[in-house]
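Two complexes follow with subunit A in common, the first pairing it with subunit B and the second with subunit C.
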Partner chain A sequence: MSTAVHRRMLKEYLAIQKNSATRPHLELLEPIQEDDLLHWQAILLGTADSGYEGGRFRLDIVIPTSYPIQPPTIRFLTTICHPNVHFKTGEICLDILKSEWTPSWTLESVCVAISSLLTNPEPSSPLNCDAANLLRCGDMAGYNSLVKMYTALYAMDEDQE
Partner chain B sequence: MASYFDDHSLEDPYKARRPNNNNANSNSRFNPDLSHFMPREDTDETAQTPYQMGATSMPGEGDFRRLAQLFGTFRQREEALGDEEHQEFLDNLITQLMDEAGASGKHGPPPASKSFIRDLPFVPLKEVKRDDACIICNENFQENESKAGITKLPCKHFFDRDCIVPWLELHNNCPACRAEVPSDDPVWIKKKRDAELAKYAAEAEVDEDWMYS
Partner chain C sequence: MHEHQEPTPETFSTPVLSTTTATATAVAAEAAVPGAMLATPANESTTAQSLSTASQEPRQGEPTAQSNEIQLTDEQILTQMQAIKDEEANAHPLVDNSVDLTELEKEYENGSQAFKNKIKNLSDTHDRMRRSRGDGNCFYRAIAFAWFERVMLAKTKPELYTHAIKAMEESKDLLLAAEFEPLAFEDFYAVTLETLESVPTSTPEALLTAFQTDEISNSIVMHFRLVASAYLKTHQEDYAPFLEFGQTMDEYCSMHVEAMGRESEEMMLIALTKAMHIGIEVAYLSGNQSADEVNFLPFSPDTEPYMPPLVLLYRPGHYDILYRKSHCLEGVV
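Now for the complex of A and B:
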């Protein structure tokens, strides 16, 4: 069944393999099984200048059959403390995954955008109010130590399966 | 140096990190994390496959409505006790929940108008450049002649008709540059008209200033 979504995902897959050297904060972006291009996983690396440093954050990516007319569904599998990520479900509040989606985005550019969201949180549309409130009060020390604590607690295991 | 995103005339994700701003313009003092106490339509987690989990983790319109009604009941009880500050808190909460109920059913811009889709131009293959690709399917136009043909939007971006029509049936903008095209959606039409009136009024004011200065 060579439908439009499979042809496009195959193209993205080949491009991702070719560009792998150009993504410092994306350790991995690949289909979970070679023969199913509609279910992917990714691992984001916490950047050195943030409370996420040293953390590895696993994402679950589901491609709808209507992709790229509809966006992929992406959530964190690794527990993460971030104002725009739901602490329990891993749901991500990012406009390009919802109302601002357009087919010009790719899995790769979306993962880069999520990685960028980690260091540039948006406390005005929170899914995690505790983290957002610290930011809104300007309590950067409190915010960073909370982020660091959860990163050490959940994102630094050798084996996260 | 031009980035990957420039080369493909795509939006650079490094510059586009705006989280979803559904409630950004509701200036309420209270912004509760609803998800912790959100009643779920489906609580049987064992029955969920990984494919469904993403979809069901989003609170739906009904969830917000039910929660708003619940707080409405609380509010009536508070009224009897005369605690004004608490009442105001509940009022804000209820308003916000109803806003969410309205917003959660909408995903992005409204559909393009039927007549716009019907009248999309047919573009001859010789009009597109040799290595131009349709950004929806990522396929080169020249190598992909079997389809229903090529079309272009008023912003001059080219697409396969088969690719752009399903998008326009959902959203009235260009996938490449977000330039708007007409919509039949009454809310969109009203917003457009209001914006034009506001612009007209602003221009009239400038004229007046000039006349009396």
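Now for the complex of A and C:
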């Protein structure tokens, strides 16, 4: 099993390097160490029209040896205020990472899906009820300022850490 | 789950409520997977729920710590579900040795007369069967194995191998036409093609071993799944009318065809027969009292089939492989 997953990850690695220009909101997607293709990191950039603007959000990606039959485990390392992300653990509630996973996804397409989750939250299945409740009440001003505040608090100047 | 909230009893009730909702949602999502697994997640959900309630009463002072211990994340639920499935599945090989049809009769020894009559009638024309593991992939695995085996055993008809290789090459074009990323399908394709290319020099035992090896067997299942999906996506005008209202073919395919462990429906059977140019006959074994004959549902490719139809035994929710006596007579098997 492990040789197949390594072969696949190497292919993904090469493909990602080739396509880097086509994904504006993905600053980085690479293995943390060159010799371990089963542990990756990514950095998502907050989109300009959202409360996440200016933020850089680091993701931790663990690839199971049964990948791509089984999904990767992805969580936010950067604290982020989002209805579908656990505030403390960074766990992401996204169907394609759980029950709706299919092997036709790649790490790159999954990261793009997570990036689009940032601007398209799904408040009906929340991991962060405070953020979800604001959205469900239609309090966009409250929601956006909360998101902005946490983005400024945790997701800027990450390089200094 | 929401440790940043003040741990007062009032706010505590909110996260607990949300957790049970999340669990229920996860269970409901799992319920979409047909099969016998439904009892367990339901129990799990009640356990999580009752534990939450229990912890709330005596230790109101430190509810957050308590709730941390008993709350299951979606990931944990998924891991547990997988463990339960694995445990059940590991009791049977992915594809088993073929057995005499009398083994099927034994299963229904204490069953209804309708089953017994049907199996007896079935054994007039069929003599053996081969079980496929009931892990939601049984249809794809059964059809793939039956196809490979047919190609392997057709010593007197070497052109079958040429047809099979051609069908494989076409399937790659189909995947590209359906706009699958080569990265996402080429490993599955490579394993399937490699296994097929080894067929002329291999043995039935080696083929069975390959199909019992997770990596090879699941790659082949995935290839067949993607091919079925690609066929449906490239023939939307014919099949989209059969979808639920508001559902797109892409959604249907990713949810029901491409995901491992999702059971097949008639549409996938049709798609595979047409994409791989193989005929399939499904022997429908049911407890229907009004007939003593097993009903055969034929699925035919659009082109002239290059081999007699593969025969599957269907019992609601599960497919196995059947061996027809006439195929032995024809010298095909």
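Note that in this section the second predicted complex is superposed on the first by the 156 of 161 C-alpha atoms of A that agree within 3 Å, B and C clash if a C-alpha of one lies under 4 Å from a C-alpha of the other, contacts with A are read in each partner's own complex, and residues count from 1 in each chain.
Quick note on the criterion: a residue touches a chain if its C-beta (ideal position, glycine included) is under 8 Å from a C-beta of that chain, and two chains touch if they have at least 3 such contacts.
The model shown is predicted, which means the values in this text are computed figures rather than measured ones.
If you put the two complexes together on subunit A, you find that subunit B and subunit C bump into each other. Touched residues of subunit A, counted separately for subunit B and subunit C, are more numerous for B. Judged by the touch definition given at the top, the superposed model places A:Val112 against subunit B, while subunit C stays out of reach. Shared-chain residue A:Leu127: touches subunit B and subunit C both. Clashing C-alpha atoms with subunit B after superposition occur in a single stretch of subunit C, namely 182-190 (options considered: 110-118, 182-190 or 236-244). According to the touch criterion, the shared surface of subunit A, contacted by subunit B in one complex and subunit C in the other, consists of residues 4, 7-8, 11-12, 68-69, 73, 86, 88-89, 91, 93, 95, 98-106, 109, 125-130. The touching residues of subunit A, counted against subunit C in their complex, run 1, 4, 7-8, 11-12, 15, 68-70, 73, 86-89, 91, 93, 95, 98-106, 109, 125-130. For subunit C in complex with subunit A, the residues that touch the partner chain are 1-5, 14-15, 18, 22, 25-26, 29-30, 32-33, 73-75, 78, 82, 180-181, 183-188, 191, 214-215, 218-219, 222, 226, 229, 254-255, 258-260. By the touch rule above, subunit B contacts subunit A in their complex via residues 4-5, 8-11, 13-14, 16-24, 31-33, 35, 50-51, 53-55, 57-58, 106-109, 135-139, 163, 166-167, 170, 173, 175-176, 178. By the touch criterion given at the top, residues 4, 7-8, 11-12, 19, 22, 39, 60, 62, 66, 68-69, 73-75, 84, 86, 88-89, 91, 93-106, 109-110, 112-113, 116-117, 120-122, 124-130, 132 of subunit A touch subunit B in their complex.
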